[in-house]
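Below are structures written as structure tokens.
Here chain A shows up in two complexes: once beside chain B, once beside chain C.
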Partner chain A sequence: MEIADKIIIAKDFADNLGARYRKDGENSGQQFLEEILQAKFEKAAKGNYILFIDLDKVWGYPSSFVSGSFGKLSTTHGGADVLLKHIQFKSDENPIRLEKILNEIKNPRKV
Partner chain B sequence: MRRFYTTAAWKRFSAMKARYAAKRHTSKWKNRKRSRIAVSYSVFREKRRRAQQPFIRLVAPKQFSLISNTNEVLKYFESAERMFAKGENVGFDISEVEILTADAIALLVASIKDSDFTHGGNYRGTAPAKPELNKLFMESGFLEHVRHDWNDAHINKENLLHKEDNFKVSPKIAKSASLTGIRHVSQNSRPFEALYEILIECMSNTNNHADLSSAGKCKWWIYVYSNPNEKVSSYSFVDVGVGIFKSAVIQDKIKQRLKGTVLYPNIKLVPELLSGKLQSRIDKDNALRGKGIPQIIDHSKSPRFRSFYIITNDVRIDLKTGTSEQLNHNLNGTFLHWELVK
Partner chain C sequence: MSSKGIIVALGVGVVFGVGALFGFSVLHFPFIKFDSEVKIFDVLNFLLALGLGLWVPFIIKKAIDDNRDIKAYVVDDLKALIISISKVKDIISTAYGVGTFTTADRDSIVLAFHFLELEVSSIEEQVKISFPRKASALAAELKKLLMEYQDYLTAGELMLSSFQSINDRFHKEHGTEYSKIETGIKTLVHKIYKL
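Right after this comes the complex of A and B.
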């Protein structure tokens, strides 16, 4: 599968990410999911290509943001296998950040 | 003219006016009016009474630091609140303090600006007499949030004192608070992810642990103090809600009833809180939630945080050592304090 679309979070959304829901305030995980991530992911799954997501140049990834966007997408769109088949991440600045997001996709619910 | 009074529109308007006039003559309407006037008069009378009351001077503990003298400082705030509740006016006298820290300033401003604390009472205060403490107080930004007649008050650009009124998570403030500390300790503007994430989780938890009737309406304060004598920035985050333990819901009904009493003190809930298993009164997506506090605990271990404390209700937790302490006095809300170093 080839990469046919990309999201640079710092450029396409914001470099200062917020919390879980829109009602919590700006730049929330729900806003990112509904405005960017979900539509792009569904297109990638339908078109059978890879969506490339650049995680760099962001101030941080609060767990509530990650859970409200990637975690929520994982619970509603078939789980980690489906998501990771169509999404490829890049994080040159911080490998722990990448691990955190992958872990959220694989285990979106509390253990 | 006569033609107008016979139109359907006029008849409709006239019937509506008649219905309204009839309603105004009912006893329900009259009683409601009377009680509203009585309430507004009683509020006015109470305000007038308060304005004539003398101020009761409340001398602050010599060591005015919430972190190093938690019980004494909380006792001070408890007595102030009791006085306000009794209808007194309070004069906060901090002129004789020998130790003053940024965390106490943050709690003082958050408390006096909270109507649940002052119960509509009036307050005034003094500044510390010691020159270095006076400078710390004047430059803290405290005086920007109260009426005063000091001319030499100004906020130091290296400090930040913010009150959130919109009851929301503010990424803008989290970024600005991060930058304030990072610039002071490292002289650069490179993001420190752990710091930013902690700030967002603190703000987010404020909403989650607000009391049921005011979920999402809880106010929070943040104070970033950059110590001019060393490369350390201290962060104080105050949430004037009900506190984590008071808002927690325990599945076991007996424990839920005994929560906060001697039979089941709040300190017993600390392990559940630290592992993210303590559930707040939010039902939506509960299975996905509960990762904020563990993220804060995890980040607090970073060597860039010299100290890290959570004080909520009657428990103080030192996240660096993993120890918790049962307090003799209560804090209505949650207080987080940490020190950032290079």
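Right after this comes the complex of A and C.
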């Protein structure tokens, strides 16, 4: 399966990420999910290709943002196996950041 | 014969016996004979024993010193990590004292965790090299401590834009959470010294 689409979070969304829901403030996980992530992921799953997501150049990933975006997508779109089949992450800056996001996809917290 | 006579007779017997033994020893001295010829194998054997005698303690001492230095190096990084984490606590304490918690405070905390993750990642890499058999458990424990503290601060109410001041309850709760990570890292220091 080849990479056919990409999201550079710092460029395509924001470099200072917010909380879980839109009502919590700017640049929330819900906003990222609804405006960018979900549509691109669904296209990747339908077109059977890989969506490449660049996590670098962002100030930090609040746990609530990760939960409200990647965790929520995992809960609503078939879990870790389906998501990780069609998403490939890149985090050259911070390996623990990547680990944290993968952990959220595999074990999404219930909120 | 009276008992006194028996004792005298035994005494005389013992004196004569010791005298005979002493005389025999003098006549046949020395029991150990020294060989004036030296074989090359014996010389090499002696030198090898001498070399091992000097080399083994040196190697053991070096291994002990190296191990102590490596542990000290990792422990220094863990102490530095505690200092870095205390900067997050300082932001909370200052905001509590001032009575307002700003967007800049929130951003500073999010950024601080990015740098804390990098520090933990660096420690993980060092531990993998220094203590490969224990690395996985040590790194997992350290990351768990950091993620729990990070979740407490960035998965809850502090991230809401409506969170604009730190009340007594939050300040107290945060103190407990900070204490958990600080104590956890100090416990790791002891575990590393015991390796």
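Note that the second predicted complex is superposed on the first by the 109 of 111 C-alpha atoms of A that agree within 3 Å, B and C clash if a C-alpha of one lies under 4 Å from a C-alpha of the other, contacts with A are read in each partner's own complex, and residues count from 1 in each chain.
Heads up, the rule we're going with is that contacts are C-beta pairs under 8 Å (C-beta built on N, C-alpha and C of every residue); 3 or more make two chains touch, one makes a residue touch a chain.
A quick note: this is a predicted structure, and the numbers were derived from the prediction, not measured.
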Problem - Partners on chain A (chain B, chain C) - clash or fit - result: clash
Exercise for the section: Using the superposition on chain A described above, determine whether A:Glu99 touches chain B (first), chain C (second), both, or neither. Expected result: second
Exercise for the section: Kindly classify A:Asp24 by the partners it touches after superposition: chain B alone (first), chain C alone (second), both, or neither? Expected result: both
Problem - Superposed model, chain A: greater residue contact from chain B or chain C - result: B
Exercise for the section: Could you say whether A:Gly60 touches chain B, chain C, both of them, or neither, answering first, second, both or neither? Expected result: both
Practice task
Answer with first, second, both or neither: which of chain B and chain C does A:Ala14 touch in the superposed model?
Solution key: first
Practice task
Could you look at A:Lys72 and tell me whether it touches chain B, chain C, both or neither (first, second, both, neither)?
Solution key: first
Handout entry: chain B clash site on chain C (candidates 96-104, 132-140 or 186-194)
Key = 96-104
Practice task
Could you pull out which residues of chain A sit against chain B in one structure and against chain C in the other?
Solution key: 16-20, 24-26, 59-65, 67, 94, 97, 109
Exercise for the section: Over in the complex, which chain A residues touch chain C? Could you list them? Expected result: 16-20, 24-26, 59-65, 67, 93-97, 99-100, 109
Handout entry: Of all residues in chain A, those that touch chain B in their complex
Key = 14-20, 23-28, 58-65, 67-68, 71-72, 75, 94, 97, 108-110
Practice task
Sort out for me which residues of chain C touch chain A in the complex.
Solution key: 107, 110-114, 117-118, 120-121, 143, 146-147, 150-151, 154-156, 159-162
Handout entry: In the complex, chain B residues that touch chain A
Key = 166, 168-172, 174-175, 178, 191, 193-197, 200-201, 203-204, 207, 216, 276-277, 285, 287-292, 294-295
